[in-house]
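What follows are several structures.
Two complexes come next, and they have one chain in common, subunit A, joined by subunit B in the first and subunit C in the second.
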Partner chain A sequence: MALPIYVLDTLFYSSLLFLIIAGLNLIYGILRVVNLAHASLFTFGAYATAWITTSLIVPRLGENLLALMVLPLVLAVILVILVSLALVTPLLRYSQGRGDAFQLIVTFGLLIIFEDLFKLIWGPHPVSAYNLFFQMGFIDIAGLRYPVYKFYVILLTAILALALWYVTYRTAFGLVLRASSMDPHMATALGLNTSRFLFIVIVLASALAGLGGSLYIPVASVQLGLSTEFLVIAFVGMVIGGLGSFVGAVVGSLIVSSLRTLTLIVFPELELVVLYLVAVIVLLWKPEGIGGGRGW
Partner chain B sequence: MVEAFRRELGNSLAAIAILVAVLGVAYPILRFIAPGYAIYLTYGVIWSIAALGFNLLYGYTGLLSFGHATFIGIGAYTVGLTMKYLGLRELEPMLVTAMVASAALALAVGPVVLRYGGIFFAIFMLAIGQILWGFYLKFYHVTGGTDGIKIGRVELLGFDLGRIDYLTYLTIYHYYVLAIAAIAYIVMWYIVNSPLGYSLKAIRDNEVRARALGIDTLQLKLIAFTISAVYTGLAGALLAPLTRLVSPELAYWFVSGKIVFMTILGGASYLIGPIVGAIIYTYLESIAMGYTIYWYLLLGILIIAVMILSPRGLMSLADSLLTRARLRWGVWQRPS
Partner chain C sequence: MVSRRDFIKGLVGGLIVGAVAGAGAVYVAGPRREEVKPPEVGARIPTTPLKVGLQYMTKGGGAAWGDPTYKGARLAIEEINAAGGILGRKLEFVERDEAGADATKAEFEKLITIDKIDVHFCCISSGNTPALAPIAEEYRVLTFFADGCTDILFEKVVPNPRFTFRITNIQSADGVTAALGAIKFFNLMEKDKVRVAHIHPDYAYGRNAYQHIQVVFEKVLGKDRVEIVYEGWPKLFGVTDFGPYITSILASGADVLATSLWAADWINFYKQALGYGLFKKVKVVSTISHGIAPHMVGSDYPDGQIAGVHANYYFLYPEHESYPLNRDFVRRYYERWGEYPTNGSEGAYVSVYLYKSAVERAYQALGRWPEPEEVIPFLEGASILGPAGILSIRARPPNKHQGYKNAITGISRVDPKLGFSIVADPLRIPIERVTVPEGWEGPTEPTMTYNWIKATWREGVLPI
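Take a look at the complex of A and B:
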């Protein structure tokens, strides 16, 4: 493989990671908790998209490019938001202020509930839907065929990240977001309705994770255990970038993805070991993370 | 007075003695009335050692680990690999090796994972568990991958048990495990009632204050972490002859969650809470698995329910019931 391919694949993977880490950081920024069930929403988005694509879209509308691009994504994200509203949001809100251990154990309970829900609904075998991937076709890069779909994902995530940046730093909502993540008590004291705010943040974070899963499924299959795989990698990104910050999510996902590409070339067995060693080095050198400041 | 009563119920040598006696007597009774369920008592006793080790960190030091399956894996694979490659069959040296290996791993990763507090510790442990789990899968030419390593009969205390029938072997193994567990329980009682135990509780209640009082918190946490690892590694090693197969499944992240749940189910603030929790959990799991393949789903709901309805566990329910009964019958005076 040529260098441009490596770079593009790294960007593609970091796009997916960004969508997970941004949500984890949003929730951490406001609630000061790592939601162990967060990556499950990513997996849920992937399963839902595969299911919508293969059993709703393709039989009814055929391999229509536009329908494949828009419908599964939108429907899956809506489904993820609904599931998040039913299961994740109430529990996260209930567990707020009850201590790290409580929050971690409860979200762990959610994680295994999700794991079995996937098995219950979609069975124990890997599920995939490559339709969109092949419909989009390939282009030549450095003499090799490269899928257009990956460009699409990179572009879409970049636009989304920009939008998120704009909302965070240029709108009143962003101001409130940053204020309550820097100092929740002061934000409440100044008259902000942090409870309603919390609700919006959790839904936004869930939607991002669901979107990530939806974008992931056309290139790979989804199976049980995928959630923890992504959770454990996403946490490295949180630590390297800085817990709870937007810039941290960008920096963290890019660094983790680059490291992952490098280790997969050199010694694939040690992928996680290398990632965690780097996380530890970053912690020793800059405990607040490379892109971290205070809060989102 | 309430504190004294709590100590009596959940944190005394008498309670441990009663528990061990019950676990010893229950085995032949179960063998007689429900033969299929007797082996789960042995499993329960083994898991109780792991949960007890876990709780030294969680209940006494305030550190939540989501990766104790790491040490279960270390213990089980120590037995598996020594049997496969060294042809060893005496269990005792393997138990010692498993404990030493667990302690070595804890001492190696402890100074890093313990440094950054709650959430980091929980997830770093989860990650270490996943890393080792990945190793067991990927280095299949050594570990047998998903097929795992088959475990034959072991020799206990130098006796060759290869020729006796399997049920007798299981019975002997139960009492062997129970004897080791009894020692582990008593040692844990000494630990939590020693100056070390009190210092750990001080760290749990207020780490900044503990440090201000001159406690080297990082060092004590490392000691607690190592003891915890040794207990869990021992449990992993004892599991191997019973499962007869050492596979990556024993080190999967779900197992870590199981240990967490056993502890909170029994009650993390009682010494014998994790023991009670482990026994009850093992039976819950074995019975539920007979009816449904969706045990994770049930367990997840149970975890959340216990955390919301009774975060102090079953022991605290028994505790409050007993207190109420005693007040009612006037054995004790209402604490003023």
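Take a look at the complex of A and C:
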């Protein structure tokens, strides 16, 4: 019976989605900017990890499991944060409070710039680095082989989600985070250092996207146009889960991923139709999203 | 300036010559030692450069296909310019995006009205050729489609084209060739029952591949012996984790997996499928697995699967030692771009030379630079020797203006010298065995080839 594998694959895909949606929601919750270029950071993380793995790590250290697990991920996330601070942050800050249309055009422009940069650096062909996927090996589940790497991603994301939850709901920083997402003006009036705070938020969101891309690349190749594909699905998850909230990111990614697997098993041709249909129903029935969208 | 009288005189002359011009003409793609004699001083050749439109998908997921296609056209343009241009006119290209149908149409109209192109080379997508062909016909712009090979283009959308031509083999040949390859290489005729799983991208190409693989299986093996146990329709470049699909295929107990996933979709699928052990349980027949830049199909690709190349061309065939035209093309392409050509590269390369040859032949007949309609007779029924072998342009319906060359598929095998998986044991199928012939009349739904197979192939007999 293939059911356990379907469940695991659902969790795996929702892990990747969560890492994107959480960052999108964080930016939207705090800055009130819908960042269309956010998924480009995910893609950048994927490209960077592939490049670091195949050009730096494997030629020097071989297929060393620990090195493959740690080094590409850490280096790629640092790179993504740096690029985000240099390219994305100034534009996000500039877009803040300038209206939806302005933000959409600016961040969409950024997405196109990223696409051309990817092509310039990595070319038009798909880029992959499956080393870790195969190095971690496979186990038998219900008579079928299953990659251990997917367990690793699910586990790592679950730990990260728990840590994010803890920071959000159990620390002073989380209190400020939630307060400023509910009423940014009041938070500033109460003495919050907005500039430093926004810096941390953007770094965190970028790191999540970069991490997502980095965890994605050992399973699948990255190619031009990938950002848009993930962006669209992530938006559906954002809408279903609830704009701008942590719980929304968890709920949204789980629902989107489960719907995808279910339709694939029952009626594969309707995969996207079902996804959009559910998003429409949620918008009509509970516009703030299932997970509540009052802010991070 | 050509006077009206001259123009009409030339046109009439051109039509008379043209009536017999194309048929039998054999051109050669590639730099030649003996070029057409350059026009004399004062000959009626415009002194301006020839404006060439290029529109191949070089952005997004389709870039993996469109970029090598674009490179093929560029190589031909560079070679022609290095040899002095076409009748002394240098080629100047203007590049615009190929994307979705609406955007591609808008960009094409800009090429015509703003850039004022003389000739157009374009398209890899089957969604775009039917969108552009009516515009090319309306504006009377000679247009050569490298790919975008949907059967509906010349069967339904423009059944009697004048200005549009297509170079790569027609789409139905792809599914038919793959299925015949599977029956032959996997000895499916000897099996009592064949359980088939299908996974195809959810758009025109995937549907076409599915229909033609299935009709061949059912006709050749017999309907009762073929059972579809699974169908998957992932959105083109919309799925990155194929885990659930692979699990479903494995759970279905299929003997054969038929697929037309391409570029990044196929790379993702096969790498993940390796992890799940799919290739140990299921034989894979692909229409197009080896159709992207050859080095992209890694050395981990399993041997012994049907390795499709869009039923068109693989850079190793015709064999270099016996066919220098291919050897030299591959060498020049590699020197220029640092990678081996794809069937898209070959198609686009041949398109440009086909146009050049037809213009030169028209010039020889007319004594002046030909108008676009005067080139047409020198294309219809013409053949061109290209890197892939001989390509013939059909002059009459069905599929008038479609280019035909022998179809090819083979078995995947890792080549230790090249370091990637290649198409080995090439199976070359005469194109007339797998596609609806000139003059055949029958229904066009879903394609004429589909109905021709149903109506004319003998059940239980392998037609190759």
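The definition used in the following text is that the second predicted complex is superposed on the first by the 289 of 296 C-alpha atoms of A that agree within 3 Å, B and C clash if a C-alpha of one lies under 4 Å from a C-alpha of the other, contacts with A are read in each partner's own complex, and residues count from 1 in each chain.
To be clear about the criterion, contacts are C-beta pairs under 8 Å (C-beta built on N, C-alpha and C of every residue); 3 or more make two chains touch, one makes a residue touch a chain.
Bear in mind the structure is a predicted one, so any value in this text is a computation, not a measurement.
*Asks:* Look at where subunit B and subunit C land on subunit A after superposing the complexes, then choose clash or fit.
*Replies:* Because the two structures are overlaid on the shared chain, the partners are seen to clash.
*Asks:* Have a look at where A:Glu115 lands relative to subunit B and subunit C in the superposition and call it first, second, both or neither.
*Replies:* The answer is both, since A:Glu115 touches subunit B and subunit C.
*Asks:* When the two structures are overlaid on chain A, which partner does A:Val274 contact: first (subunit B), second (subunit C), both, or neither?
*Replies:* After superposing on A, A:Val274 lies clear of both subunit B and subunit C.
*Asks:* Touch check for A:Leu156: first (subunit B), second (subunit C), both, or neither?
*Replies:* Once the two structures are laid over each other on A, A:Leu156 reaches no partner at all.
*Asks:* Looking at A:Leu104, would you say it contacts subunit B, subunit C, both, or neither? Reply first, second, both or neither.
*Replies:* A:Leu104: touches subunit B, not subunit C.
*Asks:* For A:Leu91, using the defined touch cut-off, is the partner it touches subunit B, subunit C, both, or neither? Pick first, second, both or neither.
*Replies:* In the superposed model, A:Leu91 contacts subunit B only, not subunit C.
*Asks:* One more residue to check, A:Ala220. First (subunit B), second (subunit C), both or neither?
*Replies:* It touches subunit C, and subunit B stays clear.
*Asks:* Looking at A:Val33 after the superposition, I want to know if it touches subunit B, subunit C, both of them or none. Which is it: first, second, both, neither?
*Replies:* In the superposition, A:Val33 contacts subunit B only.
*Asks:* For A:Met182, is the partner it touches subunit B (first), subunit C (second), both, or none of the two (neither)?
*Replies:* In the superposition, A:Met182 contacts neither subunit B nor subunit C.
*Asks:* When you line up both complexes on chain A, which piece of subunit B, out of 145-153, 181-189, 271-279 or 325-333, runs into subunit C?
*Replies:* Given the superposition on chain A, subunit B and subunit C clash at 145-153.
*Asks:* Touching subunit B and also subunit C: which subunit A residues?
*Replies:* Correct list for subunit A: 115, 119, 228-229, 269, 272.
*Asks:* What residues of subunit C sit close enough to touch subunit A in their complex?
*Replies:* 58-64, 66-67, 202, 231-235, 237-238, 240-245, 247-248, 250-251, 263-264, 267-268, 271-272, 274-277, 292-293, 296, 300
*Asks:* Provide the residue numbers of subunit A that touch subunit B in the complex, in ascending order.
*Replies:* The touching residues are 33-34, 36, 91, 94, 100-102, 104-106, 108-117, 119-120, 228-229, 231-232, 235-236, 239, 269, 272-273, 276, 280, 283, 287.
*Asks:* Which subunit A residues qualify as touching subunit C in the complex?
*Replies:* 2, 5-6, 9-10, 12-13, 16, 115, 119, 123-126, 128, 130, 133-134, 138, 144-147, 150, 216, 219-221, 223-226, 228-229, 260-261, 264-265, 268-269, 271-272
*Asks:* In their shared complex, at which residues does subunit B touch subunit A?
*Replies:* Within the complex, subunit B touches subunit A at residues 58, 62, 64, 66, 112, 115-116, 118-120, 122-124, 126-128, 130-131, 134-135, 138-139, 253-254, 257, 260, 264, 293-297, 299-304, 307-308, 311.
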